[in-house]
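In what follows, a single structure is set out as structure tokens and then discussed.
Chain nomenclature is as follows: A, B, C and D, assigned in order of appearance, with residue numbering initiated at 1 for each chain independently.
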Amino acid sequence: MSPSVIALLHGPDQPGLVARTAGWIHQRGGNVLHADQHLDRDENVFFQRVEWLPASNHSIEEEMGSFRELVAGELGMQVRLARSDQRPRVALMVTKADHCFHDLALRQRAGEWDADLVGVLSNHETLRSVADSYDLPFVFHAVSRESKADAETEQLAWLGEQKVDLLILARYMQVLSAGFLEKIGCPVINIHHSFLPSFAGARPYHQAHKRGVKLIGATAHYVTQDLDEGPIIEQDVARVSHRHGAQELIERGRDLEKLVLAAAVRRHLQHRVLVYGNKTVVFD
Amino acid sequence: MSPSVIALLHGPDQPGLVARTAGWIHQRGGNVLHADQHLDRDENVFFQRVEWLPASNHSIEEEMGSFRELVAGELGMQVRLARSDQRPRVALMVTKADHCFHDLALRQRAGEWDADLVGVLSNHETLRSVADSYDLPFVFHAVSRESKADAETEQLAWLGEQKVDLLILARYMQVLSAGFLEKIGCPVINIHHSFLPSFAGARPYHQAHKRGVKLIGATAHYVTQDLDEGPIIEQDVARVSHRHGAQELIERGRDLEKLVLAAAVRRHLQHRVLVYGNKTVVFD
Amino acid sequence: MSPSVIALLHGPDQPGLVARTAGWIHQRGGNVLHADQHLDRDENVFFQRVEWLPASNHSIEEEMGSFRELVAGELGMQVRLARSDQRPRVALMVTKADHCFHDLALRQRAGEWDADLVGVLSNHETLRSVADSYDLPFVFHAVSRESKADAETEQLAWLGEQKVDLLILARYMQVLSAGFLEKIGCPVINIHHSFLPSFAGARPYHQAHKRGVKLIGATAHYVTQDLDEGPIIEQDVARVSHRHGAQELIERGRDLEKLVLAAAVRRHLQHRVLVYGNKTVVFD
Amino acid sequence: MSPSVIALLHGPDQPGLVARTAGWIHQRGGNVLHADQHLDRDENVFFQRVEWLPASNHSIEEEMGSFRELVAGELGMQVRLARSDQRPRVALMVTKADHCFHDLALRQRAGEWDADLVGVLSNHETLRSVADSYDLPFVFHAVSRESKADAETEQLAWLGEQKVDLLILARYMQVLSAGFLEKIGCPVINIHHSFLPSFAGARPYHQAHKRGVKLIGATAHYVTQDLDEGPIIEQDVARVSHRHGAQELIERGRDLEKLVLAAAVRRHLQHRVLVYGNKTVVFD
């Protein structure tokens, strides 16, 4: 099958945007596979995801370039383009908990994503054998207060060499520095084990247990320099009761964390997530 | 605010459909408020909901007529058109249970729908006082084996006089005859108190209790001549356990029935539901 | 049917508590209808709900008095006793929103609770006609900064005269003073329109919309002097997306608020909720 | 820690059952860790799960034997006894789908259950490498119409040698014969990929897609000679829409199947599930 183009665009609303993009694609002989749009009436911002097969007489590079001219040039909107035949390169960061690691690796193997797992970074040796079992490179850097800057430099170097398109913090128990986030040059998705904004920070299940909530949650979000404050991609909850101690919340939370992180990663890799301000538009 | 047009269309897929409809609206100076489409790849059928404000120099009748020509004529698709300033006229059929009746009447009063409740038909006198409390006409017809045909004739006459656009069976405990459904000329929505296709027919909570299910459900569907077999609009479930007898399932089911029926009615009245074959496309 | 006794007890764990209470009831010829217990292993606190039919040769007053001696005296535990033939007297406080008011009044009428609604207090006249439609006394007190103390005094006097056993804040948009809560002498249940502890305080749906959460919530809790910090009885959530503005969150939240408040009230009136510390044990 | 005893008992209700069992344990110096009971008022059957630590002067064998005398002898009830220090031996049957297999193996490794996985039976060679990766014996028997009887004989022999306490059909795509089920001598849990009783039999996701349901489900149940008719242990559902073809239902269903099967297995291994008639009591 010839590759398709996926465009995520947004900008100030103006009349005829759907007609302009759909008309452009149609006139060049392209075939729209999926189109969805959203208008934020409060902010007057128009959002669109459109995926199409270019006509065979247009190379995909030419199609993408011309579309960018239309949207970024004529229409004055921001646009992100992807092609269906380029498999994103994904890296994981982990510490000691392995449930999200196994879950993501098995989903990738099962073909749930059109993406490659290129390796695993960790601040502990604990999960090296798990990485080995999936034939994944495992790169260890000790991270202490003193070594953190050096470790991050080396982590960035490795991620750069690997040309990573997405970094997933699969229960990585270190805060990434502002400098790291500025330099990384690709999105970073984290799973936080609470229903944010409740119980940000450390030991969220203990906080939840202490407060006596009747539901626990998990939140997948893009990482920004404000800890646990980045744009939320996906959340879910599970019912608990007085019978569950903090330890049982931790155990029950694992399934939530796996599902919520996997859903966020899948949507991101399908180019369905648009960030604006501190929020996301997630096209189904 | 000037009224908008809402079109629900479907038919065989062909290249450029989004461009054709969006382009047509844009060229005539209209402003798209909402557009969503779906392609059933198995059946190769294209579905679209599009809502737009016509330019002020086009009357809404003219806009609707011309759009119909485009879609039904040139494009060869089926289309249903509605205008935002025409409030649908809704009637209820009830028997003795009042929870869905109260729920729908209160939602209508609270302005959840742009629709009018024009009256209530019943085969029992039980809920006349409820209808009175909402200032709704209440029309009683006894329905026995012998009187059913006559009762249906009178019910149809009343519905016709009232120019009803939607009939809701809000726990109406009689089966409507094939003849009634042929003649009524408007959609009929029913709430069935199970997760269809499980437990079709009578006493679904008793069936569910006997089978020992761990979730009970409710299903809102369009009524067809095949009992409990019509196109499903909405479903939901609630968790139960061995502690719940059949009577408790009935009580717990009431909230489900209210929510599921209300959701289906809201979507229908917002012109978001397209029927094809025995299924629905529900645009969010 | 002769009345049953319901006991909610808790205190430091000690060997044989289940045997002691069950044995006591059995020896006196009583018949246990329901028994459930919980041990908080962190705090070493034992909780029990037990409901039984006393033997016909014991008056219910005598049975309750003797049981209290056993539990509070011999076993050194705290105990709350109720009898199934005493219908609790419930009052509502409302402001302008009527959805929880209708919902509670209809559930009471439908016989979902063995309790009486004795009247409605409000700081606005808006819902007087709703109270009238249910034949409920409606008592209005204007509440301004200056008049608040006087209004609360009168509200307390009315609640005292009515011998109210439970006060429900059904979207009452005033903070009750510490003095009011000290003097009222019965539990107060509030519905907060967020998933606490997220979005405590004013305009929670606007806060939720701004944060871009993917689920909205509602929380029913006992009112304490710390606003929105009291023991949580029930919580639930509903899925939302970027398509929902703050106004739509408000509308969608109504169903959640109704269901969560109703569930909490039902459990409370069934004597299933035990408060300890700032948490609840809710026996199913 | 010394081992505890877990008893699951049921039989005709009679006065004082809770007092009898709790009193017996207390008098012998035992310490109740968990007790829960249920009375089916329709059938007048009493169910109880009780777990306790025997006093140190009683051997656990003696405690279990004496308790059996009390319950089965004096009280005339059925009882199943387990001891916390005996790890159940669990075997899997699989065909080609590996998601439930991975999920169960990882949970066992993570210590979610106090149970051992002893091996995997299959009618295909496909998943041998998965079994190898978990160091699990993998036993292949080709199953055709002709070879089925012989294969089952060998499977039974292997299960007997392994002293298996629980057999899990983790997407095993063969129907077990009545003879196999009679001889196996331990419970068999199956995961069916629909919300039973809807869509029993083959290709349930295709059936669900054809019917146009708005939720898909999964059901874990004990296997009986009536296909897909055995006592239900756990069920859950997930929302789908017109956008999901049959293939997407299959993919989305995998997470459901994993979670529902894992929940059922966990409850079973914790001795929380009591079967009676064709239903289950599942103590939380």
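As a working rule, contacts are C-beta pairs under 8 Å (C-beta built on N, C-alpha and C of every residue); 3 or more make two chains touch, one makes a residue touch a chain.
Every value quoted in this text rests on a predicted model; they were computed, and no experiment measured them.
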{"item": "Which of B-D and B-C has more C-beta pairs touching across its chains", "value": "B-D"}
{"item": "Separation of mean Cα positions, subunit C and subunit B [Å, integer]", "value": "37"}
{"item": "Distance from the mean Cα position of subunit D to that of subunit B, given in whole angstrom", "value": "42"}
{"item": "Residues of subunit C touching at least two other chains", "value": "241, 243, 284"}
{"item": "Chain-level touch network, classified as line, ring, star, complete or other", "value": "complete"}
{"item": "Touching residues (chain side subunit C, partner subunit D) in the complex", "value": "15-16, 18-20, 22-23, 25-27, 31-37, 39, 284"}
{"item": "Residues of subunit B that touch subunit C when the two form their complex", "value": "98-99, 102, 106, 110, 112, 133, 241, 243, 251, 255, 259, 284"}
{"item": "Contacting residues of subunit B [partner subunit D, same complex]", "value": "38, 40-42, 47, 195-199, 211-215, 217, 231-237, 241-243, 245-246, 277-282"}
